[in-house]
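Look at the two complexes coming up: chain A is in both, with chain B in one and chain C in the other.
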Partner chain A sequence: MRRHRLSAVLVAVWLGAGACATAPGDGDASLADEGGTAPGLIAPGAGPGVPLVPDLSPGQRPALATDEAGWWMVMDRTESKLKTAGNLVRDEALNRYVKGIVCRLAGPYCPDIRVYLLRVPYFNASMAPNGVMVVWTGLLLRTRNEAQLAAVLGHELGHYLRRHTLHRWRDAKSTTNALIFFQIGAALGGVPVAGQIASLIAMGSITAFSRDQERESDRMGLRLMAEIGYDPRESAKLWQNLIREDEADEDKKTRFIFFSTHPAPEERSETLKRLAEDALKASPAVETGDERFRNIVLPHRQEYLRDELRLRRFSRSEELLKMLLEDGVDAGELHFFRGELYRLRGKKADGDKEGDTDDKDKALAAYAKALDAGGAPPEIHRSMGLIYLKSGQSEKAWAAFAKYLELSPDADDLEIIKSMMQPMG
Partner chain B sequence: MLGRGGLITVLIFSLALAGCEVASFYAKEKLERGNKTAHVLLMTPDVQLGEVTAGGLVEPNAEWTAIAEKHVVAALKEQLAKRKSRLVLYRSPKADTPKARIHTQLIKLHNAVGSSILLHKFASPPLPTKEDKFDWTLGPQARIVGHEYGADYALFVYLRDTYTSPGRVAVMVLAAVLGVGVPGGAQIGFASLVDLKTGDVLWFSRLARASGDLRTPSAAAESVKTLLKDFPL
Partner chain C sequence: MARLASLFILALLIAACVQYSLVKAEKVAIGDVYTVDAQIAWNKKTEGKTEIWTVDGPLLQELRFIKGIEDGDALFRGGAGKKLPPFKSKMTAIEIKELFETSLAQIGVARLKTLNLRPESFGKVAGFRFEFTYALKNGLEKQGFALGAVIDEKLHMIIYSGTRLHYYPKHKDDVERLVRSIRMI
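Now for the complex of A and B:
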């Protein structure tokens, strides 16, 4: 998420983005001994061993005079802006598909949830207290089947069903209230430094609470997905894949544990694995929904991969493409984007690494694989042409450009390419 | 660039430094219109009320906001009637229609232009090309909306009003003992008038003060009157 400068904005955004915060430690309650969801029951925070039940009933709206209504109002306004967002994904089939999964997970709460898909190339989804769920396309690129997508959607629903935003707001309010009186007391007692220490502790406790909420949502999401037959083990797999991508990141900029709002990914993945085993003992759920996912989400993958490469975080993207290739679906397309990655990175061979080659050679090798496998877009010939041109092989370049224009005669860059095909001089 | 929320925060901080409650810029001091009644299209006012907690967070309040929206519209109607102008209320067209898309673009463009005016005319150093000028415009496309409503001008209003909670009052008193000033509730906002024939921003006014109350009709009327001081109609 983008970082905002000012604390007031930060608080608003942080709450709006369906972040989180309540419930004294949810401990080790296993999924197996939890009953089914009991809509309409109001649960006063789930302690260890206490089953997680929704904190609001279907169709529930807050009374106008409450703090909750205030946040609903703020998010209703944000929602009206979302509806006209330039990067809103309008593809009907895709929207229907994601909303359909949400509906099956949400059961009687389905009419309370609105899903907005936004074209943003990072892995994220968020849940607002008024039922607005936002899913970014960078997430659709990384979930590998319907069950993994359901795992995230179920997690977000967990935030809604447990009214995490409201609890976090109340928590932030009482924390900051206590803090300011402590600061004044400390200052009156002549200890100005104590105030700063307290402020640090308070910040820590706000994020710690939010991690508890994330854990709670993880459990809730896992149960929701298992109840309607999705293989709960897919949830941990998704997190493992994200960890792999994170570890491949040469910049290591993305991990900052203290302020990260989610539990440490390794811990999360381990917990999810354990909870999945428990859930499987209770009821065998094995559906992964591979085929539907392939038919509806994967046709958009080229678009998402283009967005991904524009971020120029090549080490991450390289690992991501490697993982996607493990599934082997539309390998030609994936090899093409591997080629694009190397072409855009344009690194020289690492002399210390045995057998390492220049990126342009890696790119050409990847393009060759792509052509072999089939399914790469026509631009592959343009990309090859550009590499040949750069390395002085004009004849080869022109042949590649000609092939590109033959395959896409209406290309936007038709004139540019034609001009590049004129012999120099 | 700062987002809207960031700008507002900047304005709150500049509140203490600002000498006056309201300040405005205009392209023309008075708009010529002969004996004709001017039709002013009021774009949906963006009003939000909330309470400052002891710790300094702002809790939005839906009930107060709903009340304030009514008072603000009523007060604007009254103010314009005094200026031989008529207020026409804007209604958002059905979402996702071509009409809605055109309107949305105009509103978003005004948000962007308005943010620049706020930032460069009221808060930070002025843009070198606009230092002594007030010539901001949304472009002639604004005509489409004007034509639809038979309106001459569009009026955009943005108001944020916060109130000091009892806990915050205690903090303010205790901090005062220490010689530290802690802010309580504040009323901030802006209004802008756009020519719907040319798209030019004719007038832009900013209100920033530690008093006012949009929850009662008379105090809301006073706020709107203050905001519209120097209104060119």
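Now for the complex of A and C:
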């Protein structure tokens, strides 16, 4: 019974309970690895010391009688739930693409890693000790090219290859953390090791990888990406963009959680840049994989942007859209979503602030840009119609609705749109 | 220690148990705005301005009456840290459907699809209706429909949903008859 309950908590954490990405200390970093969200590097020589156990070899599984096997057992059970998760992304091309990058990074370890894409609109990826890697779609929305995606995937692989979960577990049992560890352990007396592991995960007691482990994974991620020809500088760029998004957030409660569990972001960003330059000297290839990324990931961007806006974290979404626009790819689509953001936020102008305009005017301006750039979905006309309707500009509203129906003659909401156009015939 | 903690949690759970009451298969007033013929017997619980009726349990199927939420109110109860969007009295049916989608996304459902938004009368009032499907995180598929209208600047909705394979179809016809029996008070 207890194991079932714990397993349910575990699955909830992993399958992307929203709280995982916003509530520090909630969940488990080895599962929903908020900590493992952005790559970075440690200064040479500042490594985590002598490892307690050697790295995994390709195809290696732990011996049955070990604590490591206990971890694997718990994760195997969680993995079976992942396979039927409601938010599992089943798009074949996208799965093949991400798995392909993982395989190139992992080399001989490729067959040991299973990748699961989950439709969760936060920036996150996680790595379990049994080789299960979970990637959230909010990450795909924020990485700007294949190299940036590879930077995060490589970082996650680092946790697996260096057996960080096991290190953390054994460290917790043998060092100053023992007190906390055994207090909880005492409450679980008689529960087999797998049950204890699940309990500790559920209680958040072995939650995060240590900062040293994060640094080590950053270093490994960067090495792996550089070795197969990706531009290592993209890693620092991704990190800087995440900082920028976080700083734009008016509601500090929704900040990226890794700011509390990872090395200080600014320092880390600097270290990353410096070490990327060193890596470049060693392997000067600088592929970013822009085209493949655009062909396979960007067709899904509208879905992910809709998910993003539904979070109603408007200030950070506004910054995110601004950054995506800097790439200039599918600008029409991005301006449309900027318009949607302002329409949904619906903030009135602040009378005291000079130059401040109503969100409805901002929305209309963004829609106009979207139409200029081309590539916005037909709903843009429906959205414009709604704004005109609210401002009492009926004729403009009906013209916009008519345009929407002209472009989407089979629209799902055809009847309601027609009914809204009826009063004036 | 562990046993004490378990007992404490159990006591909390019992205290948190909701009381259901019986709704007989007869004419029932929903707030002071309209009546419906319940068609069959239901179990009812109340959460603020919402009544939730069920036959087999709310996780399997539920008939939800949202009784006149006002400007600024959320459609559903959200958990901690959720930013459920507020209803605005000037919203069109399209925006109310968006409100529904955003609210469910915030609550955390997967693969949400809303379908066929169309005008439909709510009793004698001009209203709207749409169908929807979604999946829970564990993969369980749900299906439902929503009927709504803004009456005196307040949003009234009747939302029927249940597991797609059995509990939604089980009482769908009863609910269709129920919504056709709406009479404004």
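Please note the rule applied: the second predicted complex is superposed on the first by the 326 of 425 C-alpha atoms of A that agree within 3 Å, B and C clash if a C-alpha of one lies under 4 Å from a C-alpha of the other, contacts with A are read in each partner's own complex, and residues count from 1 in each chain.
Note that a contact is a pair of C-beta atoms (placed from the backbone, for glycine too) under 8 Å apart; a residue touches a chain by one contact, two chains touch by 3 or more.
Keep in mind the model is a prediction, meaning the values are calculated, not measured.
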* Between chain B (first) and chain C (second), which, if any, makes contact with A:100: first, second, both or neither? -> neither
* Asked: If you stack the two complexes on chain A, which partner ends up touching A:390: first (chain B), second (chain C), both, or neither?
  -> second
* So, A:64: does it touch chain B (first), chain C (second), both, or neither? -> first
* Does the superposition put A:415 against chain B (first), chain C (second), both, or neither? -> second
* First (chain B), second (chain C), both or neither: which does A:84 touch? -> both
* **Which superposed partner A:73 touches (first chain B, second chain C, both, neither)** => first
* Of the partners chain B and chain C, which touch A:313 in the superposed model: first, second, both, neither? -> second
* Overlap of the chain B and chain C footprints on chain A, listed as residue numbers -> 11-12, 84, 187-188
* Structure fact -> Per the touch rule, the chain C residues reaching chain A in their complex are 1-2, 5, 79-83, 85, 88, 90, 92-95, 97-98, 101-102, 105-106, 108-111, 115-119, 128, 134-141
* **For the chain A and chain B complex, residues of the former touching the latter** => 4-6, 8-9, 11-13, 64-65, 67, 69-74, 83-84, 169, 172-173, 175-181, 184, 187-188
* Asked: Any idea which chain A residues touch chain C in the complex?
  -> 11-12, 15-19, 22-23, 81, 84-88, 119, 186-189, 253, 307, 310-313, 344, 346, 382, 386, 389-390, 412-413, 415-417, 419-420
* Interfacial residue positions of chain B with respect to chain A in the complex -> 2-3, 5-6, 8-9, 48, 50, 53-63, 65-66, 95-96, 100-101, 104, 108, 167, 171, 174-175, 177-178
